[in-house]
Amino acid sequence: MENIYKPFTAIIDEIRWETADTKTFKLHFDDPKIAEAFTFKAGQFGEYSVFGEGESTFCIASSPTRKEYIECSFKVVGKVTNALRSLEVGDTIGFRGPYGNHFPIENMYGKNLIFIGGGIGLAPLRSLIWNVLDLREMFNDITILVGARSVNDLVYKDELTGWENRSDINFIKTVDPGGETKEWNGKVGFVPTVLKEIAVSPMNAVAITCGPPIMIKYVLLELEKMGFSPSQIVTTLENRMKCGLGKCGRCNIGSTYVCIDGPVFTAEELNKLPIDY
Amino acid sequence: MKIFKITGTYKDLVETLLSLDYKVIAPVNRNKLTRFDFINSADEVLSPDEVLNTVRPAKEHLFPMTETVARFSYEGKKLRIGDVEVPEEKSVIIGLRPCDAAAFDAIDKIFSYVYQDKFYLTRRNNTTLISVACEHPDNACFCTSFGISPDSAKGSDILLKKSKDSSLFAFISTERGEDLARTINNIIPEEQPDPGRDLYEAAEKNMRAPLDLPKIKEALNTNFESEYWNEFSRCLGCGSCAYLCPTCHCFDIVDEVRYDKGIRKKNWDACQFPLFTLHASGHNPRDAQNKRYRQRLMHKFKYYHDRFDTHLCTGCGRCIRECPVNIDIYEAAAELCGCEANI
Amino acid sequence: METLQNIAQGLLERGDVSMVIGYTPGTIPGKTKTIFARTPEAAQKLTFNENCVNNLSIYLTRQYGNIGEKPVALVVKACDARTVNVLIQENQLKREQVYLIAVPCNGVKDEHGVEQGKCKSCAQRVPKDYDALAGETPAPVEIDPTLRFKALEQFDAMSPDERWEFWMKEFEKCVKCYACRQACPLCYCERCITDKTTPRWIEPDTSTAANLSWHITRAFHLAGRCIGCGECERACHQNIPLGLLNRKMAKEVFDNFGYRAGESAEAKPVFADFRYDDKEEFIR
């Protein structure tokens, strides 16, 4: 039997500071055979480890269409993320995955897509966004609404500029009131408020959202008001995890194990779960 | 099911097991603590008359409290990750009660669905379970709620049972059990008629009345927000219930390192601890003790059943005996569905 | 003479307290459970008997969130009241936030009928300080105060090697559930040192070394604070004599500073106290 707890090794090829406390790693698998065989879908996650410090759960933030590497973005908050922060290009980390379900991209072909991301919550969306952009003709209109507490808290700044400049994307960026700078050319307002302003149509549409729990809560309310049915809204959850394998018992919401049955859920599925997340 | 007669006493049987090519694990009292441990002589073993349910269940021999799952070392920047082999050692656990044997059946499910946990499963496949039927259940036992009984063979490879005249019989449920039985010279491999369950029928009468599990589950489907959960704000979050439960299986994964070498370990953990579900953001979905107890009860009587069609409790009574504030899962389950707790 | 139920009922009827925390019969003979009585009717369920071992003062600690605007009434034995004193001394609680209903106690037993170690040397039948007494004032008893440290004699007679071996064998049993900490009314730290991960001070596994560091740390954190209620030892299902460790620390503190934890809510905690006549040079 295989050892499900034994990670692969991955080498850090590139490190980018996204914000004062968030970094992105570009990684490739050490073992060419694993690199060759590795596939995943947007929305899946992995267990990244610094040996001696432990493991941490992050989504795979790069697109499955870019096969040569994977990327993850993490916010420095505790033991493992602090250890990750101090690593350098060329260092090795551990990786287990991919785990969990994925965004239902099969159900999105030909539809209008609305992405609503807040803070580091943009990371899982980014995987899907690039996935969709790499297969652009398969989808109808694409709207991307990105928000952060302040200008400095926006992640993937270069990519945001790229998206902004594309004519095939309706791109909106916003920062919370007080978080703007003099040069800021985006909107000022909380994500749900801005969402209300831009008033997207639920016709033939899917909304995909991720961000802090409080943002998700109001975004869901706003979308519902706009006429989105719960099955048209997709989000991803971040319960505390350890194993990612449905064994360690800490990520459950009722009978649902977020690491196996999630982390991606439609609002319809979430409505059926007890409020234990 | 095959029924064989046993010659000699229980201790003789343990003696014979020790002479075979097995590691033998049995109830002992080591340093004022009853538990299952490796034994070297039959004299160490607590006989079924000396102990009903050990404080610590046999679980730790298949799912240890702490267990290395990977090794790693650095040579400069070069990292090596080593696998950990689980030895294919044959062992036999003798003296466990039907509730403990059935508990392994329950946790087999979690360790084998979607991903196979080789640490648990390798040991499981190499372990033969010989349980003993209970003549004297105590006032915390409630196995009969789960289709188990003081002489149930569920989950056991071999169940030892007495007839009315105290002759000892081996009830063999599995091939693994039969293979072992045939190498034990105290067991006569000739099928016998069922010696009856007089002793155990009598025992069963004094036990807590079986819970109405379907009714409990129905109640749990709708009472996530019930006031009754406030009862458990008295819970100390001590985790004793989980650490002593033969079916609790939650764990943490942590690293340990000395200089440039280290190990990654699984350590027991429990849903009764606040840190168990604390998010990095500081948000905690189970931010109060009654919510943590609700998780425990729901997991046992609903969630696990939803997923695996098995309850995550076998009624061994350990959590009832050891809870420092007398939270009684039987009473809680009964009262949650508006039933009288029939203790 | 007023009964426990009457006192509690009166308090709740007048709205003097938000609840009465006390004992009620348990599900197994010899066990009692805690009840948070919030209504006069619920007060009738209160009971006190020799099986009321629990030290209910734990429910006054912040993590339980029971202390609000109104005081909380607590049923206390003499030993429990000493814990309340420590909580007050350590600014976890104000005296006026708690209404102490004292119950005369002749010693308590666990469900197996075993008298608790602490009771053997306890001469105090009622707390020194309380707000109401449920029952008669009991006749005073004479108990040799040195009995408190009697259990240590045998232990102190051992050689260091023997003692080491003794504790190693005991700690080997520890499963690191931290029930001892959770049951302890004075282990109220919002984040226990053993839960801290950056850096990690105490390894979370159950190797003997990791267990040893946990127990030494805990014993030190309770030195001069532990009043000897025995809840940690009672909560420990592995039968580790944790009380012995705490008692040893209490004896050191008593021998060196003449201080006994929980005697008075006004006393300065021994480790917060400073004397010019301290016998140690370095401190002056």
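Letters A, B and C name the chains as they come in the text, with residue numbers starting at 1 for each one.
Here is the rule we use: a residue touches a chain if its C-beta (ideal position, glycine included) is under 8 Å from a C-beta of that chain, and two chains touch if they have at least 3 such contacts.
What you are looking at is a predicted structure, and each value in this text was computed from that prediction instead of being measured.
Between the chain pairs A-C and B-C, more C-beta pairs are in contact across B-C.
Using the average of C-alpha coordinates as each chain's centre, A ends up farthest from subunit B.
Subunit B has its Cα centroid 39 Å from the Cα centroid of subunit A. With centres defined as mean CA coordinates, subunit C is found 48 Å away from subunit A.
Measuring from the averaged C-alpha position of subunit B to that of subunit C gives a distance of 32 Å.
Shared interface positions of subunit B, i.e. residues touching 2 or more other chains, are given as 252, 254, 256. Of all residues in subunit A, those that touch two or more other chains are 78. Those residues of subunit A that touch subunit C in the complex are listed here as 78-79, 82.
The part of subunit B that touches subunit C in the complex is made up of residues 30-33, 55-56, 65-66, 139-140, 233-234, 236-240, 242-244, 252, 254, 256, 265, 267-268, 270, 273, 275, 288-289, 320-322, 324-328, 330-331, 341, 343.
Residue ranges on subunit C touching subunit B, taken from their complex, read 26-29, 31-34, 36, 54, 58-59, 64-65, 169-170, 172-173, 175-179, 182-183, 195, 203-207, 231, 234-235, 237-239.
On the subunit B side of its complex with subunit A, the touching residues are 69-70, 72, 74, 77-79, 81, 83-84, 110-111, 113-118, 121-122, 224, 249-257, 262, 264, 266, 269, 271, 276-281, 283, 285-286, 291, 295, 298-299, 302-304, 306-307.
Those residues of subunit A that touch subunit B in the shared complex are 1-7, 9, 49, 51-55, 75, 77-78, 81, 90-92, 94, 212-213, 238-240, 242-243, 245-250, 252-255, 257, 260, 274-277.
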